[in-house]
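In the part that follows, the structures are each spelled out as structure tokens.
Presented sequentially are two complexes of chain A, the first with chain B as partner and the second with chain C.
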Partner chain A sequence: MNVLTNKKVIISLLIVLGIVFPFIIPNLYYLHIMTLAFIWTIAVYGLNLLAGYTGYLSLAHGGFFAIGAYVIGILTVKLEMGFWLSFLLAPLVTMFIGLIIGLFALRTKEHFFAIYTLCVGYIIYLVIDKWEGLTGGVRGLIGIPLPEAIGPITFQSPTAQYYLAFFIFLLVVAVIYRIVHSLTGRTFIAIRNSEDLALSLGISTKRNKLLAFVLSTFFAGLAGAMYAGFIRFIGPEIAYTTITFDLLTYMIVGGIGTFAGPIVGTFLIVIISQNLQFLQDYRMLIFGPLLTLLIIFSPRGIVGFIQMQLYQRKRKKQESLAYKNREEETNAGG
Partner chain B sequence: MLEVKGLTKRFGGNVAVKSVDYSVQQGKINAIIGPNGAGKSTFFNLITGVHEPTEGTIIYKNEEITRQPANVIAKLGVARTFQSTHLFEMSTVKDNVIVGHRLRTKSNLFDSIFRTRRLKEEEQQCIAKAEESLDFVGLSHVSDQLVTNISQEEKKRVAFALALATDPEIVFLDEPTAGVNPDETDEMAKLIQKMADKGLTICLIEHKMPMIMQLAHHIMVLNYGEKIAEGTPAEIQKNEEVIKAYLGGTVSA
Partner chain C sequence: MELLMQQLFNGLTIGSVYALVALGLTLVYGILHIPNFAHGALYMVGGYITLIMMTEAGLHYILAMVVSICVVGLLSVLMERLVFYPLRHSPPIQDKVAAIGILLFLEALAQFIWGADYRQMSTPFGQVVEVFGLTLTLQRILIVFAAIAVMILLYWFLKKTFTGRTIIAMAQNREGAQLVGINTHKVAILTFFIAGALAAIGASLTSPINLVFPGMGHLVILKAFVIIIIGGMGSIPGAILGGYILGFTESLGATYLSADYKDIIAFVLLILILSIKPQGIFSKGGV
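Showing the complex of A and B:
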């Protein structure tokens, strides 16, 4: 019981599982799915930072994901730049575009922010779809190169690409963990609770909201760049709103505003959808009601639900312990 | 210490606060009373930077702060609480209060990601401040509880602790005992007295007259956005204008 709830044990086990996965299941298809799941999780972490921790639900996230993918696509295919330099530039360019959009978007709040960013996301899609000269339009961009070898490490095999994605994934999780569990993260959470209160506590909500927004676009852009480098073909459909809503579903199922939520939600849904492939689009008939039930009964997703259970069990234990102590005292007294 | 001159706020055609001159007495408990809709909360919001005044000036420690945003005013040492508490229910009491000292820290994103020494030190500083504030308001015993599991009165105290964690010199309390039972009201009054004894300047809005009359050193009465009286509790109790505003009509001898 204690071993199972010990965070360190769980985390080490998961990392080991991630490392040995290609050996346990030497199936290229599953390896492909897992690699994609790592990439999606990174994008969901970006969304969670903004929507979950800061309380601003952005529906342009798929758009920023696509910007990251297209920046690396355009830089490598059209300008024939090296992979790694483009890979470095992609999230930075996304972040810069995010900064400019954020300056306007953050003048709105709540529903209006969601609607505004939904429009921004759609405009990004339209630009990518229609600007043929730059993005290749509906034909997309083909032939994004493989990452160049770093010393003796090459990235030709799917296993190597799996490990690359896994490595970046771990790095992102660590960075997010530090952001969320620091004064910066506490500042975001304070803004989510009440902007008036945060302001009265001397927090510059404008600056911190913009920071959260820009950070979220950075992770979206990073995930997009990884996606483009992995799939090596990108089309405008990756900017479409369905991507945003997929990411949103992963986040809500896992637990909005929880740290482990993005991993749990993304892997769970990716794995379940793979097993329900035979149902084709009718899968949604299963997902829809499940999602509705989850939102009604556990608004903070699976992780939020587990956290609450663990907390209540701990509290009950403390109470019964206190009760027992009191009883012993009265017995001793009498 | 804090002085306002000719403070006016219009919302469209409505005048919520009308040309009020007022100064907060340092180290004392100052109270603002008045019937519902008299403009007390608006007056607070103007001083603490939530709303911008239409006319008038606000001077704090010889510095004009009239159009400064709320977060800048907070940094200068002006703290406030709200009528309703906005705490994060799913987090512990202590976790809620830690962010209160954030405004006195300098750590940025870089410090957070690389866990620099500055971040670690400032985090310790914030935690220590939170513990100190919770101890001051008498909540050390529930600091590890989730906010959702503590009582309404305790939540009010958490809001006090948050305000205190900002290291203020003057604290504005907006109806600190609203929705709190009579026994607990006495306890809250003791806490406010304790804050004043510590050297803080207090300015509060209240409806509970017996409490105000006992607690406050200086009272200002607002009615329809205008100041109608000012003085010690004894003076206010005898003031005919005030009695008229509260009871309506004329005062019969």
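Showing the complex of A and C:
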């Protein structure tokens, strides 16, 4: 009970913090960083759904992120469509491409799946980089428009964009929460724990794996579209493996397969990276070994570590309580 | 015709390097069932050590290569001891992530120490020779012959020496190998050393005709994965054959299809193969 109220208090505090952040720190640069952190977190949630809950490590996630960004870029810049319609279409198109790739990729397992998706990611990068007519090649796409005003709400100022990202972020977290705690979410976990067992329980692993894959590409595409709308310039480097590995690092540090992991990992690393500006190019000198050490000593990241500590403390308390009770019983009996 | 011959020879050169890198990867996979994503970083470090030994220490190319082989081999062993050994009982997803962590670290380290520029490696074998009407550089001929020599040596070592056979035994059946008294830890260390050494040889041989830079391992390692999937994960002849198949396909594809998209060929090939046969072509069934 105590933990539950604690959780509620923490969540409300965090939401309030998110709302008042632009007022406490009216620094445009920090606002920019925070907005980006929301966008990355959404992509990490997508990855976590597949790798963390279903147990399939996809290394094409950066590629799907880029597809989302490029769909909105091409629709608005080349076809001059409206922002919101393109914004709606971007994750859907990404999802559709994800569905087709997933149909084939999910025939493979474990190492083969990781290598397969790594190659898919690379093909996406090469196509974006070389297909000048569609994607602008190495020059990328410039001049993605701002979101159009909805009624009285305009998205000109960085603060408005921050709130837009924050709003979508909250929406995504709520949706992910629903998915993870639904029967579907438990099915994913069952597949991760043992695919054979899940299959023998009558779970259609094929369909559920595909669902997890498609959902994960949806969130990657959504994050990509938000990124393109926010930065308003995209180049082929957003499809490169560095993005995939960044997202992977956020997920592992926060805690793979945990609900709060993506938020904790992303914000922690984004904030640390900002404070270690001088390290920008060399940040992997720290995060690379961190990734390896975490996976050896705390495979479920920071959140997993905390959960373990809490659990052990609770168990100890229960044990000592049970011990005390027994002692009292024997005393009373004697 | 002459263009074709030239391209075939190019394919032979690239294929030799691919085969060397893929061999290291397949050996490690055969023993420990780890897809070592950090293998590309070893390849990159191998290129740099040779380059630095030549420019800073003034060593001869061949000597620099020997130093590089030792350094990268030891680095590879260190990796096994510090990372893969503690993870030997973990679920497979963790090996992969750990390997990616090492890869990211080594790349950042190389960039930190040696900078991000593309560097050229000089070679004492820069002369141009003419063989059967083809103009070839001596370096390319060296690549082909050195790679083939290394492969023969490796094959002899694995088939004819006792130590080599322990590696094969462990790849075939880990428990069985332990039962007959093979020290599997030692075999794992030895295998990682050989894998590192092969990566260093591959990188040192090819660097004079390509360039040395922190990201040089990316494409090579991906292609090496493609090769060992084509050739069967853990299969040694498969890695050699796969390396040459990919080398020829790429050099011919670059000439007759599109130079822009030549790097895609390998990945499309892999996707096609895995889409049709999810376990790879020469897999020995579910392991």
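Brief remarks follow.
Here is the rule we use: the second predicted complex is superposed on the first by the 328 of 334 C-alpha atoms of A that agree within 3 Å, B and C clash if a C-alpha of one lies under 4 Å from a C-alpha of the other, contacts with A are read in each partner's own complex, and residues count from 1 in each chain.
Criterion: a residue touches a chain if its C-beta (ideal position, glycine included) is under 8 Å from a C-beta of that chain, and two chains touch if they have at least 3 such contacts.
Being a predicted model, the structure only gives us computed values, none of them experimental.
Partners chain B and chain C, brought together by superposition on chain A, fit side by side with no clash.
In the superposition on chain A, A:Y311 makes contact with chain B only, while chain C stays out of contact range.
Contact with neither chain B nor chain C is seen for A:I10 once the two complexes are overlaid on the shared chain.
Applying the stated contact rule after C-alpha superposition, one finds that A:V120 touches chain C and leaves chain B untouched. Residue contacts after overlaying the shared chain place A:A190 against chain B, while chain C stays out of touching range.
Taking chain A as the reference chain, the count of touched residues is higher for C when chain B and chain C are set side by side. Applying the stated contact rule after C-alpha superposition, one finds that A:V138 touches neither chain B nor chain C. Once chain A of one complex is fitted onto chain A of the other, the partner contacts of A:R178 are limited to chain B, with no touch recorded for chain C. Between the Cα centres of chain B and chain C, as seen from that of chain A, there is an angle of 80°, stated in steps of 10.
In the superposition on chain A, contact is made by A:L211 with chain B only, not with chain C.
Of the two partner chains, chain B is the only one touched by A:L201; chain C is not.
When both complexes are overlaid on chain A, the residue A:R300 reaches chain B alone and has no touch with chain C. The gap separating chain B from chain C in the superposed three-chain model is 10 Å, by closest C-alpha atoms. Within chain A, no residue touches chain B in one complex and chain C in the other. Of all the residues in chain A, the ones that touch chain C in their complex are 51, 55, 57, 104, 107-112, 114-116, 118-120, 122-123, 126-127, 130, 241, 245, 248-249, 252, 256, 281-285, 287-292, 295-296, 299.
For chain B in complex with chain A, the touching residues are 48-50, 69-72, 74-75, 79-80, 82, 86-88, 90-91, 95, 98-100, 102-103, 105, 107-109, 111-115, 119, 122-123, 126, 146, 149, 162-163, 166. Those residues of chain A lying in contact with chain B across their complex are 175, 178-179, 182-187, 189-190, 192-194, 196-205, 211, 215, 300, 304, 311, 315.
Every residue of chain C that touches chain A in the complex is listed here, in rising order: 33, 35, 83, 86-87, 90-94, 96-98, 100-109, 111-112, 116, 218, 222, 225-226, 229, 233, 260-261, 263-264, 267-268, 270-271, 274-275, 278-280.
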